[in-house]
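Please find the structures below.
In what follows, chain A forms one complex with chain B and a second complex with chain C.
Presenting the complex of A and B:
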């Protein structure tokens, strides 16, 4: 009986590892393609095993496209979005959780409801608004509509609700106000959740395609996900270069994920409410 | 008196705390929503003013064949993705849950990895994998089907292909949610069941499945709403073609507004999409709640 159990477990382990490796095969294949010469990529001799190590495609991706500009646009807009979403979110959540003011229940209701609103349906009028404000092809235009992330407020509120009331007293006795309480007590007590929310917001902003694709029309203002689709048009069917560009575009977040795997998976779980 | 000024000061502080969110929300969410509804009753271009034409846009929509094609394709795409990805994710999560230590972490990481890629990276890679002439998958098609298949140029293959790529891309998220759900099930339940001589299938049927239902329902809901909003993958891989066989509602909104310069008509379609998704969300929410109370 034990023997059968052991055999079963090793089959399970081997089988699932094989399935997982097959699952990531497209990434492996993209990498193999990217380190070949264009001629070899489309020849019959191009097998599954890497047989060349040629970085021409990467050099071309870095120097013949605006990839570095797109990196910069992506990093800047994603960082600004993350900081603004977190700070405004924790402030709003603190007020809802710890203070009494007229319209508090209504505000929380709106936050919960906006969770269901499909922002994609608003593209037409959001675009008109950005145009009215002169923000087409600007960072501000990319950033503004991405600043509404209700889940940040919902999660912060839950965590602020759970902070024991005694924690407030020392600060209140010292004459500290609500801003002191938020930034000296509630925020430090919730660094874990703050990192989790920051990771999720950043990855979401970094990977955002639809809105930047609409609001940006010049190559110089594009973010990574939008920019790499331009390379397609420019290169035609040069697959090694296409794959090099795609992998370079995916790399920052992928590397971050592989290093902080546990933190990222935890962040995803918390922000979707399965664990908290 | 001091009490009153204190109270007033508290309200002022609260207002200053909620102001950044409330102002942004009003500007980029509330105002565009109201304006979308107003615009849907006009014949305005994307930029500029139009005339009030009442329900004309909606009447036109009811006789627009492309609208119904899009609606049907949206439904088809939901059918191809929501339940399949949930079932697949459950199977993967149940397997991963039985692995131990480093192997478990590794297998989970590999399955989750595609989820953190930008959509355009995913579509670039799969368009290369499925390339009619040089794609690595084509020999597989040839051996199963007798010949290579131009998946993005074939009206029967395009939606299933986009669905498969979407599942590959987003499945890791669902796996993760299922694993979180499985970890929340107390181990004692299984021990008790095994003392009673329950088979593995009975344990799944009587313990895992009912206790995992809230997570399953959550995933189904999230997926349904997400897949109704499909745009990126379709636009990047097939642009709605061939013969509109992958045309979806959001693509129609995009084309009417940004390519044909019909701001009013595009808004009318957006209003329909908006209402459909809100209705589905509210229904699902009610369903989940009643299920939870039982």
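Presenting the complex of A and C:
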């Protein structure tokens, strides 16, 4: 019995290790490529073991490309998208969940329906719209179509639905209105889900490639994922530099997640403890 | 009058749940709405709070018509069954919440919160979150939240139902003490008639959205208007025996139950042959040599007294209070009797014949 158990554990550990290696390998490969010289990268001698530690690609990425501008564009657009999506999403969810008005169910139906439309299906019409509004090559052009995130509304609504009715009535008797309810009770009560949604929305906005790629054509307005496509010239692709830019581009998201990951766990624990 | 209801009706869609209720609650009075679930007692309380609109009728608080006034402006504070504390705020902030909304000064907030905390013995818990408190403490915070608002009327919606039996008794005493201490008008909803009897200055017994009877607890106990009130107030409940009027001797009405003669002293003179129900409280029944034959089935021993559960020939139960030490054994036949003054008589519709 003990032996079967041991075997099971070994198989599980082996499987996990294999999955971890498969998952980490591209990152590892990107890293060792980024610390090699361009000649070394394309030579037959480039093996799996790091044999050089050369930061030229990073220096080149930082000083010969517009990486810092792209950083700024990415950070600004992602933060604006996150803030607007969360604030508008929670207000819409609050209205659908807590207020009684004609057409409420229809409105929720529309939100659910929009969830089912793939964003690619709307790309052409969105592009024409942005073009007509003169928003090509602007932050507004990048941001506006990304503000529709129905899943945020759906998730918030479900959490607001779960807040006991008495809590609402207590606030009403205390003299509070809808804004008091939303910002001083419902939001703090669901802080965990707000943090989680903020992280998801930020990462989604940061990683967004297709739409910014279409709506931005000047290098100065590009976000990082779009900027990566510019790290080549008439002589072809510079692999080391490309990988350096990719790693530098992914780093803020990784750091952002690592910082807030703890917060998410904390927040979820608080909200579940509070609800218990 | 602190609270006055005139012909209040409340419907949900086509279903009317409160039927033409009128009542008066005097200033400083502890009024209790009691009744089985679905009788409309909570709806009536919520109507007074303003959490439900009335379909018709008028509600006044301290002589002011508040029928269409917003809940926060009625001068009422409510304590909910689930406490409805704000889980993310400390005990202090929970109590300060309504004052902050009213933009009270920091000093005023501190004064009122500390005063309420002292009344409720919560001084040590002020920095804690509700999740760190016991059920009784949470309930006290909910009451504290009401006290700081200094309302004209306190409303309690089954506030002790979530507590265990022991704590419920303790909190009941604390509520009674609190009422004495602050002397405010309180309206309390419960389905537990023991709570109603022990706390109330005035009880309103509700059934089917109608006030069946109102009055002082002992008046309701001693002199119920109908069979429902008689059966609802008192624990163990009153025993009811179906019987027939057979005649009258002076001011005594002769009745027959299970071929046994019983006598009730009532002024009403129902014709011989009238079907009636006799109401006997367990503590008024005597066990003797003659009387209604029953079979002893089970005894509930409570120490100083016992409740004997007996069966009539038709298998209906009669509960008898017994205080005289050794009682009959299981299966034995007993004979039950009751003084004519203590027997209540109800007609077939449940109205009391006095």
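The rule is short, and it goes like this: the second predicted complex is superposed on the first by the 240 of 276 C-alpha atoms of A that agree within 3 Å, B and C clash if a C-alpha of one lies under 4 Å from a C-alpha of the other, contacts with A are read in each partner's own complex, and residues count from 1 in each chain.
Convention: contacts are C-beta pairs under 8 Å (C-beta built on N, C-alpha and C of every residue); 3 or more make two chains touch, one makes a residue touch a chain.
Computed from a prediction, not measured in an experiment: that's the story for all the values here.
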item	value
Partner chain(s) touched by A:185 [first = chain B, second = chain C, both, neither]	second
Touched partner set for A:94, first chain B, second chain C, both or neither	first
Chain B versus chain C as contact partner of A:250, first or second or both or neither	first
First (chain B), second (chain C), both or neither touched by A:221	neither
Comparing the two partners chain B and chain C, which touches a greater set of residues in chain A	B
Chain B versus chain C as contact partner of A:142, first or second or both or neither	neither
Common ground on chain A, meaning residues reached by chain C in one complex and by chain B in the other	273-275
Chain C-touching residues of chain A, taken from the complex the two chains share	164, 166-167, 169-170, 172-176, 180, 185, 188-189, 191, 270, 273-276
Partner chain B, residues of chain A touching it in the complex	9, 12-13, 16-17, 19-21, 23-24, 26-27, 29-30, 33, 41-42, 84, 87-89, 91-92, 94-96, 99-102, 104, 107, 110, 114, 116-129, 131, 144-145, 147-148, 153, 177-179, 182, 203, 206-207, 209-210, 214, 224-226, 228-229, 232, 239, 242-243, 245-247, 249-250, 253-254, 257-258, 261-262, 264-265, 268-269, 272-275
Parts of chain C lying in touch with chain A, wherever the complex brings them together	49, 51, 71-73, 76-78, 80-84, 86-89, 97-98, 101-102, 129-131, 145, 149
Interface residues, chain B side, partner chain A - complex	10-11, 13-15, 17-18, 20-22, 24-25, 27-29, 31-33, 35-36, 39, 46-47, 92, 95-96, 98-99, 103, 105-114, 116-121, 124-126, 128-129, 131, 133-134, 136, 168, 173, 176-177, 180-181, 184, 215, 218, 222, 225, 228-229, 231-232, 236, 250, 253-254, 257-258, 263, 266-267, 270-271, 273-274, 277-278, 281-282, 285
